[in-house]
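Questions regarding the structure given below will be posed in turn.
Note that the chains are named A, B, C and D in the order they appear, and that numbering of residues resets to 1 at the start of each chain.
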Amino acid sequence: MKIGFLGLGQMGHGMAGNLLKAGHEVTVYNRSPGKADALVTMGAVAAASPLEACHGDAVVTMLADDKALEALAFGAQGIIASLAKSALHISCSTISVEMSERLMLAHAKAGQRFVAAPVFGRPDAAAAGKLFVAAAGAARDIEDCAPVFEAIAQRVFVLGEHPPSANLVKLSGNFLIASVIESLGEAMALVGKGGVDLHAYLDLLTSTLFSAPVYKTYGGLIADGKFEPAGFAAPLGQKDIRLTLAAAEHLQVPMPIANLLRDRFLTLLANGGERLDWSAIGKLAAKDAGQH
Amino acid sequence: MKIGFLGLGQMGHGMAGNLLKAGHEVTVYNRSPGKADALVTMGAVAAASPLEACHGDAVVTMLADDKALEALAFGAQGIIASLAKSALHISCSTISVEMSERLMLAHAKAGQRFVAAPVFGRPDAAAAGKLFVAAAGAARDIEDCAPVFEAIAQRVFVLGEHPPSANLVKLSGNFLIASVIESLGEAMALVGKGGVDLHAYLDLLTSTLFSAPVYKTYGGLIADGKFEPAGFAAPLGQKDIRLTLAAAEHLQVPMPIANLLRDRFLTLLANGGERLDWSAIGKLAAKDAGQH
Amino acid sequence: MKIGFLGLGQMGHGMAGNLLKAGHEVTVYNRSPGKADALVTMGAVAAASPLEACHGDAVVTMLADDKALEALAFGAQGIIASLAKSALHISCSTISVEMSERLMLAHAKAGQRFVAAPVFGRPDAAAAGKLFVAAAGAARDIEDCAPVFEAIAQRVFVLGEHPPSANLVKLSGNFLIASVIESLGEAMALVGKGGVDLHAYLDLLTSTLFSAPVYKTYGGLIADGKFEPAGFAAPLGQKDIRLTLAAAEHLQVPMPIANLLRDRFLTLLANGGERLDWSAIGKLAAKDAGQH
Amino acid sequence: MKIGFLGLGQMGHGMAGNLLKAGHEVTVYNRSPGKADALVTMGAVAAASPLEACHGDAVVTMLADDKALEALAFGAQGIIASLAKSALHISCSTISVEMSERLMLAHAKAGQRFVAAPVFGRPDAAAAGKLFVAAAGAARDIEDCAPVFEAIAQRVFVLGEHPPSANLVKLSGNFLIASVIESLGEAMALVGKGGVDLHAYLDLLTSTLFSAPVYKTYGGLIADGKFEPAGFAAPLGQKDIRLTLAAAEHLQVPMPIANLLRDRFLTLLANGGERLDWSAIGKLAAKDAGQH
């Protein structure tokens, strides 16, 4: 396939590289230059503008947030203005449900196709082509994404024909991870103040009922109190909880744990935690308990 | 070893059976009669009173709650009055931290030894001798429990020398499970109202970041809305959250998710949910969202 | 003064009438026509467009929300494009802090003056000229508003030179009222389920520590379970809590009661409460307690 | 009447004095001696034991908590063992609903009469005979309390025939005051961080919708950040919220604001706030917002 790829951050770089390895013809674009160099040596064409990356069968976007995607998608030189009729926009970014709806409508109006396909996994999984994709869109459109998904993912989960559903699911996933962080933070504040060794405690949890990687990863960070360098920075966590709550408000779904997470992130950021990993909210229960 | 075993419910029955299979000499007691019959055919001696089960090296208790244990432990015919000096009381029940402290002090005063050893696992794991034990007590006392633990557990986690620590850890484990139920309940209310199929959603979660059995088990129950028959009834869940909050209050540790869980259980019980599985609190977010 | 008045709802109608009675020359505008008739018989001039109401010394706006004000303020025919240099925009609507900031900047750029002056009081107080005004803006600008404030208010509270501060204070006031509703709702669910007569209870509260009118008004509505017709409809309450939370997020201030109120309004709206008075959230605690 | 009075703290001292002034024959008792001296000069008889104060028509108790009352009420020398048949126990302390139920049953069994009559008001109101009484008990019993109530109170509110109802109401009143503190704390954190002067803000609130004394008193303490000396110390506030939550749990009533208050008190106490006034919880929102 002839594919444009927009957004060459840590995640996007690995994904674009795997598209090249799979034999696709890839034109890459990134707002700040220099990010494309390594991909060019692998055979990518570097575009000087988003427009130049929109001449193929599909364009894949992997951007930081709504604002970054909006800047590339709309406007006279944007994706919607540039993409051919029937071409595909495969949106992999973690964005708001509202933005996904706007894109869906704009592409439909322009006679183009839109698939929301946010991904689960860290940069190493992106580099290894081992992401998980949560995809939603018209059945035929998702079929046509197969060559792209095969190159970047170990598995694709199809979540219906309404693209924003996939974005909702992605946000809910980050909400669930943050819930794990908060609940571990409370439990560890409790047993820690009660005199139990936190690493022994974590060993028990992760060897028994809580074997999922999120418990090991985040439990370890909380037990060590080690939140720098940030794997996923607190402001990004806050953003995802804000988007979750915005979607929940739109659907009229009360989510009390999401509210609590919102407050935890605000407290963290208001007290100088901007550069910390989002799991630093897992120390706030202990701090409230007077354990500094 | 010569062991008394008090409490022959679903869990205790399996545990006592495994002690017999391991070759121990076991005297069993249960308040309501008839529960001992099958064990007697396996070689157990049935005691007519708690006192009769307290003549050996150790007594193991596996009772429903503080009240049941208090009734057997204290008083003129109770465990503390009956056990020999230096004999062991191995307390496997899920009880309050406060009760564990009372027992610890009473046994110390009587020259006896006390190990708190609450277990993780369902009745099938108890029957198979595959429980996990969270143990705390003097190092030598825990060593002396080894023959008992070997018969009932696949692994023992030692959590320090202060017996109540093990009870605190056990309670915190149930708090963490209930937190999973609540967070899944909120996430599923959100994506469900947004039109996503709950089983597809759960498949995605449990195939990726949330592979732990608790997500599969409780996510499935919530997706199916199937809360009868109860594996672990709502009033027991409420009790464990109450004991968690009592311990947290004593240690001055604020636990906002535990508060939320408390309210969820009260709401469930106040609206006729007494016979339901505790995971039925996972439908309350959807109910608040108008999804009946 | 020569004054334009935009927004002739229940509140605006009374306010404009008092400006006329005080002898001001008033040009009135309302999007839906017919609202101006009674004021015209009192001496007002009816404008066919917002622009026609912007030829005087000041324009007063009293609109339902951000969207309504935005529609009149911005654009080629809007207030900012139409008002003379140095003329005053006195914004009395309950709007977001963000919108107040946008207006402040736009008026400054256009060489005009902007005072935020949201009001406290119900339609009867507006009709009687007995509102309370929370005003913020440059000291000289607020001085120049005096003839307007004298006509509509019994007292003016000056809250500094930064106009959005007054909007923040207005939102916080509605948050405090909603907090009273929720706390009364919980207390009445408790004592009501405990068998206490709610009217006797309310008599005690309002005769002793809680003599403020909000306790009488809202306590009575909750005790009677009478939420129709709405004095202030639930969606408006939800909006104000949303704006409070948005301002709090911007300032990084966690507000747990505001989160709870947000959830209460979502629950109410998701279960058919759209037409009810906002105090209907005060029955949700009783509902959770199984008291229907 | 011939009255025994037990508990001569700040409140009880004033109440007993007013009973003397009203011409009653009063025998007083306090656990720590010396407290009775001033009353003896006014005509009181000092009892050396609770028993000696139980020979009259009625005994009034005004003690710090459940534990203090339990110590005097039960046991061989206690009130229940000592009081004549048909004599009255008028319990004015702020105690748990559960303790009130125990007393009600014990007195009924002993053929004695029990009226719960907790009071609202500070020590100065007690000294002036201007308390408010929340009374519950059999109609005839409450009638027979009239001479006592007339001496100590400006008004009596009768809350039914079930004595524990009055204790429930008293606890709910303290819950409502603490709710005012918390909601003011959040609102002041918001507007304060937004640059508004807190005293000007409070002036606006208390001059308009929130004229009740609790807003003036506690709003002033929060604005000034002045929490010493404590008028009502934080541990007493925590106790009353704990008793409220215990009653709510018993009645299966979820009270989310009470949960939040519980956490606020734990946070305050865990961080060295033991000697502060309970309104110090009103600074925690600002602290979370990074305003120290």
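In this text, a contact is a pair of C-beta atoms (placed from the backbone, for glycine too) under 8 Å apart; a residue touches a chain by one contact, two chains touch by 3 or more.
In this text the structure is predicted, and so the values were computed from the model without any measurement.
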_Which of C-D and A-C has more C-beta pairs touching across its chains_ = C-D
*After a C-alpha superposition of subunit B on subunit C, what does the rotation angle come to, in degrees rounded to the nearest 5?*
180
*asked:* Measuring between Cα centroids, what's the chain most distant from subunit D?
replied: A
*Please compute the C-alpha centroid of subunit B, do the same for subunit C, then give the distance between them in whole Å.*
54
_Counting only Cα atoms for the centres, state how far subunit A is from subunit C in Å._
39
*asked:* Quick check on subunit D: which residues sit in contact with 2+ other chains?
replied: 248, 252-256, 260, 263, 266-267, 270, 288-290
*asked:* Using the touch definition from the top, list the residues of subunit B that touch subunit C in their complex.
replied: 263, 266-267, 270-272, 288-290
*Hey, which residues of subunit B end up touching subunit A in the complex?*
97, 120, 132, 134, 155, 157-160, 162, 164-165, 168-169, 172-173, 175-177, 179-180, 182-184, 186-187, 189-191, 193-197, 200-201, 203-205, 207-215, 244, 247-248, 251-258, 260, 285, 288-290
*In the complex of these two chains, what residues of subunit C are touching subunit A?*
242, 248-249, 252-256, 259-260, 262-264, 266-267, 269-270
